[in-house]
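Just dropping this structure here.
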Amino acid sequence: MYSFLNDYSEGAHDRIIDALVRTNHEVTVGYGMDEYSDMAKKRIIDEIGVDADVHFLLGGTQANLCVISYLLKPYEAVIACDTGHINVHEAGSIEATGHKVLPVNNKDGKLTVNDIREVMSLHHNEHMVKPKMVYISNSTEIGSVYTKDELEEIYRYTKENDLYFFIDGARLANAIMAEGSNLTLHDVAVNSDVFYIGGTKNGLLFGEAVIFKDKKLSDSFRYTMKQRGAILAKGRILGVQFNELFKDGLYYEMAKHANSLAMKIQDTLIELNVPLVVKSTTNQIFPVFSHEIIEKMKEKYLFEEWSTIDDKHTAIRFVTSWDTKEEVVDYLINDLKELFK
Amino acid sequence: MYSFLNDYSEGAHDRIIDALVRTNHEVTVGYGMDEYSDMAKKRIIDEIGVDADVHFLLGGTQANLCVISYLLKPYEAVIACDTGHINVHEAGSIEATGHKVLPVNNKDGKLTVNDIREVMSLHHNEHMVKPKMVYISNSTEIGSVYTKDELEEIYRYTKENDLYFFIDGARLANAIMAEGSNLTLHDVAVNSDVFYIGGTKNGLLFGEAVIFKDKKLSDSFRYTMKQRGAILAKGRILGVQFNELFKDGLYYEMAKHANSLAMKIQDTLIELNVPLVVKSTTNQIFPVFSHEIIEKMKEKYLFEEWSTIDDKHTAIRFVTSWDTKEEVVDYLINDLKELFK
Amino acid sequence: MYSFLNDYSEGAHDRIIDALVRTNHEVTVGYGMDEYSDMAKKRIIDEIGVDADVHFLLGGTQANLCVISYLLKPYEAVIACDTGHINVHEAGSIEATGHKVLPVNNKDGKLTVNDIREVMSLHHNEHMVKPKMVYISNSTEIGSVYTKDELEEIYRYTKENDLYFFIDGARLANAIMAEGSNLTLHDVAVNSDVFYIGGTKNGLLFGEAVIFKDKKLSDSFRYTMKQRGAILAKGRILGVQFNELFKDGLYYEMAKHANSLAMKIQDTLIELNVPLVVKSTTNQIFPVFSHEIIEKMKEKYLFEEWSTIDDKHTAIRFVTSWDTKEEVVDYLINDLKELFK
Amino acid sequence: MYSFLNDYSEGAHDRIIDALVRTNHEVTVGYGMDEYSDMAKKRIIDEIGVDADVHFLLGGTQANLCVISYLLKPYEAVIACDTGHINVHEAGSIEATGHKVLPVNNKDGKLTVNDIREVMSLHHNEHMVKPKMVYISNSTEIGSVYTKDELEEIYRYTKENDLYFFIDGARLANAIMAEGSNLTLHDVAVNSDVFYIGGTKNGLLFGEAVIFKDKKLSDSFRYTMKQRGAILAKGRILGVQFNELFKDGLYYEMAKHANSLAMKIQDTLIELNVPLVVKSTTNQIFPVFSHEIIEKMKEKYLFEEWSTIDDKHTAIRFVTSWDTKEEVVDYLINDLKELFK
């Protein structure tokens, strides 16, 4: 079986594993106060070009719930796409910390300033929650990408309206390396209050680097991290990984690899006139297949059935990763050509 | 500098690291539903001799807050030693999930049935919280150990009084391998409702195996795990580690190593008539030193200053680990003999 | 100024006030354990014809948050109309207790079994919350009413799918006394797991009677009440009021008065061809007025502007109460006839 | 039976009831935005001599949980006496909002600057909660009183250490009118960040006036009130009551009445050499009686058994109220004289 199930099916890039092996018996202090964590933070600060406050957490749900519950007061709420990870796929983690997620209908997995404005206009007194944060994912849950312009526009609106802007970057590398993207980590840092650089889905064993642009804002964030079980005793494991990730462009290289293989698949699908839920520029592809085709595909491939289209068709998802082999993609392409011939 | 700072200063045992390297490029499903996690669970079930429900979490604070918030209703509380990790050193993580910790004065870091009975007698109507769980750590936060008899006695009382009994096993291996201990993992499983086997402080990169004896009780535990950010995307990293940990007695061997080196240090201290806060049988030793001695020790050794005794004396903590070198312990012993000569 | 602002603009019905005055200097035990509270509970049990567990709380938001947080486990969620009071107008009170509200698009302020079924089909594993309760208001936030048949159908579905069915009865009397309604309190009790009888909006100073049909389900509810500040020290104030409310049909009489005056207004509006957001059968009426008309109306009347229809029109809300004077309604009717002539 | 059970056994002072009757059919806006609430706030501001922000809540537990959860960040904790109402008798209401109560051993129901200092010294990094508030009750849960000097000293310390100082004034009138007290409402306002004036235990049907000295600090407090179910729809009921309470010294007169009758009882007990748990200066008296005496007393009087002293003795509590009749106190005194003769 060949897997296009997700981008966290394998372990870590060899360079990441090697770095862990190399440093394994060194003695360091715990809880992320070690020199490797410090080095990794410096590399990230250099990379984003902003002197920010960096913290290493273990996963996306944890990063989201820590950031949001840290920044919001009990009666404040976060605006997100209805398809947003925090709204659907984190088991109510934000509500469990006491906060409402205010969902807006998405267009291609994205929200706009108009969506935010409408939510704001409906919340104007203490009988309702107070919207205080905008949350987006880039790339989104369905593989689409916010451009630099779109981020600037949202950020500008949030600053004019006393809102925090938080970018879930679980797949940020894929957004940056997307076909036609002119986005940089610097742009993301400049146009948000807090964001994170996902490692789990881009070649680390696990780990997300949460970055607050305003250090005063985050000066007690480690309290929230501890309280939510998000400080790793052997914190240097995160430091070592992120330190390696930002050497010699490994961070970009892995996402580029994943994206380009996905584009190869998508180009084939387009050529074959297979309908797509959304035209992706990143490592997630969403073709609509008949149930007959899906059954045949299942004999050789692992993939997720994403959403029902009609009685006879379902959208599926192909995901490529930093570790997907080009030859496996080529098998898939040949089989697709055969099936849709 | 030689470190006796804690038992999570190094990475992981070479066998653990090797297992991760060996399996690194394999493709598995995510979220701990993979075959390595299954294999590890089977090994643990075999080892404890009880057909229990096993879940792998990332750290101790996370394990504690997930178990406690999963089992308790909003108005229920957990009884713990005032020195208990959940009461002091987890930044209010239990309260953050809505539950009161009812502290009892400790004796050598431990609580007794009498302590529990007294708390019960003071909580008898809806103006107060309802005590519903007893939490202990074994070995305790100050290195002492509950014997099999003590666990049986507490467990019996909790069953007679409709309480859950939860054992924090962050350093459980050290309790089992303690000098003179006749405790087994089976005893712990039989005499508790839920406990965990700590990996972080016994040679894993990270990871705690939470074990519910009654599978019906835990049938929705993965919801709580997800909601609290405690399901690792690449869950197999935990599976691979715990699978290796319970091969060929590695789990016991590492704790035995740590304990025996600690005993060597403690024996020397006793010989030198250095007062101890508590006579330990595990890998944490608590001598009382003058500030003069402490300053000299600091030139060569890392250790924690534990608690102020008086104007001129402080209790310090020496911790040994699965990776502590015997020669380093011998240096320390020589220096101690020199200092107290 | 004449007020059609809401049904809690006045104090309490004279009989309620008289009962409070009459019993004022009696000495009773506190916290709702007094004989008046007992008498009131017996009257309510007699009225609903089910031997249920009755608790008196102070207001609707409090009743909602106590019931929902008492019944749900941390990862469980409540399904409600997007217009539902708990989803919009309680400042995130449910989320503040840790639970997600799963909103469904409303039709005339109501939800259907199909809506519930769709939510259920989308929530099937631990990456999402677990829907465990259906919440409706009857009469609804926009004055519409669930019939006996509709309640039966929803209740049946919830029982088949292991869901709680909770009816917010802040305006339950208005639903029961609605034009053409065949609903009784007995029907409501039989076709729900928990509901409440609103007093605040039907002639009491304040107070809601929360009724659990299954006494085992509610045996610790007073713990939640205490914890949420919902046990009144002088609980007898609630007992005295509800005891009077259920003497000689006062409960029904007051709602009938409010409803019939509202119908008189609505009939006039229909006669005058004024568009309505929804055709109401209870004490809330929602005509659509031009901004010009609204400005003129404001000179003499208090009412709420409910929602924007277009650039030139807004839906407004007229509410009548147990204490609305028929002559004031007649003034309004005359003025409406004049304005729309 | 004569009751010395508590100070909330009766309804409200006749002047309070009369004010409610008088205003009963007036139409006002809801949620405490009415003119009676405004008038009451102005009276209170005049009385305390500080231009503060005043909010009316329904009861003590509600006031405590709203204030504390409003002011504290998730990782912040409140220091209180171990006997403090929030620590023992509110069913874990503070923890239910996510915050730890840090208890200190009490001396006569009170805490000192030294107690606070010790807690502060033990909490110095993110592994522990961050103490951010000091909570006291005045008069305390056992009838003792903080003097003006004591309040000043605590307040000064809290300001030097960036802590909030919150005074639970459920029985504040009794503290102010205590024998030998020189405390005023002005002193309380000046020497705290937030406090409340209890109405429930001093002649109102219910109600506590929460007062924030710094209006900026409290500018979103109504969001918390709404979210916690603490905004009464007919808010004017609180306004009308507090407005009357602060006319012509009624507030002081009622507490003076209760205190002086309690003193009469305590003087008799002292004269009879009956041991006291604490020498009270307010309306709660704590004599230690033999079980034999208690049984005899129970034939005619209602009172609470407070705490076990030894096998044969128990401390009981006599409470007098604004409505306690002097003749009933005289009966009690005669009976006591007879019993201890």
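Letters are used for the chains, namely A, B, C and D, taken in the order the chains are written, and counting of residues starts over at 1 for each.
Everything that follows uses one rule, which is that a residue touches a chain if its C-beta (ideal position, glycine included) is under 8 Å from a C-beta of that chain, and two chains touch if they have at least 3 such contacts.
This structure is a prediction, so every number in the text was calculated from the model and none was measured.
Comparing chain pairs C-D and B-C by the number of C-beta pairs in contact, the larger count belongs to C-D.
A centroid comparison over C-alpha atoms places D as the chain most distant from chain A. In terms of their C-alpha centroids, the spacing between chain B and chain D amounts to 42 Å. One simple way to say how far apart two chains are is to compare their mean CA positions; for chain C and chain D this gives 34 Å. A separation of 51 Å divides the Cα centre of chain B from that of chain C.
In chain C, the positions touching at least two other chains are 74-75, 90-92, 96-98, 126-127, 129, 223, 226-227, 231. Residues of chain D touching chain B in their complex: 74-75, 77, 88-92, 95-101, 103, 126-129. For chain B in complex with chain A, the touching residues are 3, 5-6, 8-12, 14, 17, 20-21, 23-30, 58-66, 90-93, 96, 200-201, 205-206, 223, 226-234, 236-237, 302, 323. Remark: chain D residues 69-70, 73-75, 97-98, 126-127, 129-130, 220, 222-227, 231 touch chain A in the complex.
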